[in-house]
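First chain written, first letter: the chains are A, B and C, and each begins at residue 1.
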């Protein structure tokens, strides 16, 4: 009987020492891991904003954090200003997530104020090496992944895989053998861009469409008129159709 | 046994993957590119050296009847440390090896070495043995991954050799990067090892 | 409770991402115990049993011990110890109460501790997420463990069937044993790649 106690005491001791050492080690690496995460996020944000702003101002952009509701969960996105005095947001950054072939594909998307994609960056995926994983591959002699360049200049609300709609101006090719991955990226971008737009279309609206500049007051008025109209409609039908309005 | 012999026996003569057929899961799963192969090999080597040293250091204090659980705890501690280190300092590698870093715990090479060698020999000898076995594992991974990367994508370490030589058109067969390629490469390499062994045996027998 | 999730998990872990042929988990027993059909079936059953139980236990530990106290870094060590003692416990229980089952599965149980499919499924249960960012819940984890074990068994039994025939075949001396087993699994894996065209989302 005494033997059992001795053995379990030894096992317990070994386990305790191991756990203590790991806790000690973890206290060193944890801040590093978090720092790296934050750094990666800010680097990815800067990456998807390249070319949209002057090179010098890229580092000093102001990212105002905001939230959207997607499938019952709150996700964050960023509204981008160049300097503190700016009245309007010139760009948006959001992190879209979609079910790929063997897991979730996370893509950082940078758009201008008309939701035209500036650049995307695939951050996380568990796709098959050689197929879906090609979404992060940089070909020899090129500076950025070929997959990301396909998305440049497409409308984030409408971007679609060529196989699904070959007539669309916002079509992108699919990676050879990995249509599912490509489709997942497109669909997730559509979904998140839609949600961001819906959120921003609610008053007070402060973003600017570069082709059709609307001032804050005008958008406010328009939004008010819309909500009045919506209220009238719902009163007519007699339902409480107040789901945020924008669809 | 001399130190040199102790070190180099793991390279080819007793190579853990190619001869002893241990640690097959990671040697098939992460060998899609040479970089991954080297990363996995070095991570496993670090765990192997650390756990062999500790096991051999504590061999007098570990009661025989609970030795396996204690070995597992020691190995798991080192694996977690390597995991945290990779996450903090080499996140790209940590991401591409993914699940297979924690799975180093169940890699038979490490538990096998702890049981068969480190628990019976001196600390110094165990460390040398562990380094040798770790390098052998890395050699095997690099061998498999270079075959797969080259035939699968036509490049080595990310450099497209054929394109650099001016030969366009060789794109490689994606099949070799996908799971079947792993099995096929492993099978053919093992067949080669066996062929070599049989040939040597026949030579000796003929003499 | 979303029933479609269970279907997705089952199809995925048996066919599309088969634990052995698609994810490379549990290769050692796959080539080691696939010489005879009988022992392959026995091993498969033991693995299904252990993987299901291990999924249930490790999920509970993660949710009620590791997550609340924020000690996720102890995951590997906790999971492997739990799996090892679980296997030991099952072995003792079977020996005492179900001797007939023990004589059929007993010899495979110790081998399972170092089967990476078991630890693999435990970690996958915690790491996997659905498209909307939610994690696997308790039932989904247990189901993933069960179907993962079924996937392993399917691969193992297929392999054993082929290898029993291969015994009679006239193959080159240097291909005998492991090499031909790996080449055969390459062909099976190729066939399983056909499932990857399935769209179940």
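By our rule, contacts are C-beta pairs under 8 Å (C-beta built on N, C-alpha and C of every residue); 3 or more make two chains touch, one makes a residue touch a chain.
Owing to the predicted nature of the structure, the values given are computational and were not obtained by experimental measurement.
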A-C or B-C: which has the larger count of contacting C-beta pairs? B-C
State the chain with the largest centre-to-centre distance from chain C, centres being mean CA positions. A
When centres are defined as mean Cα positions, the distance from chain A to chain C in whole Å is 35
Find the geometric centre of each of chain B and chain C from their Cα atoms only, then give the gap between the two centres in Å, rounded to an integer. 22
In chain C, what residues contact two or more other chains? 73-74, 77, 81
Considering chain B alone, which of its residues make contact with at least two other chains? 69, 73, 76-77, 80, 84, 178
By residue number and range, which residues of chain A touch two or more other chains? 15, 18, 22, 26, 128
Chain C residues within the chain A interface of the complex: 12, 16-17, 71, 73-74, 77, 81, 128-134, 196, 199, 201
For the complex, give me every residue of chain B touching chain C. 21-22, 24-26, 28-29, 68-69, 72-73, 76-77, 79-80, 83-84, 99, 102-103, 105-108, 111, 175, 178-184, 186-188, 190-192, 194-195, 198
Per the contact definition, I'd like the list of chain A residues that touch chain C in the complex. 15, 18-19, 22-23, 26, 70-73, 75, 97-99, 101-104, 128, 180, 188
So in the complex, the part of chain A that touches chain B is made up of which residues? 6-7, 10-11, 14-15, 18, 21-22, 25-26, 29, 32-33, 36, 40, 124, 126, 128-131, 140, 176-177
Residues on chain C engaged by chain B in the complex (per definition of touch): 21-28, 31, 73-77, 80-81, 84-85, 113-116, 119-120, 123-124, 127, 173-183, 185-187, 189-190, 192-193
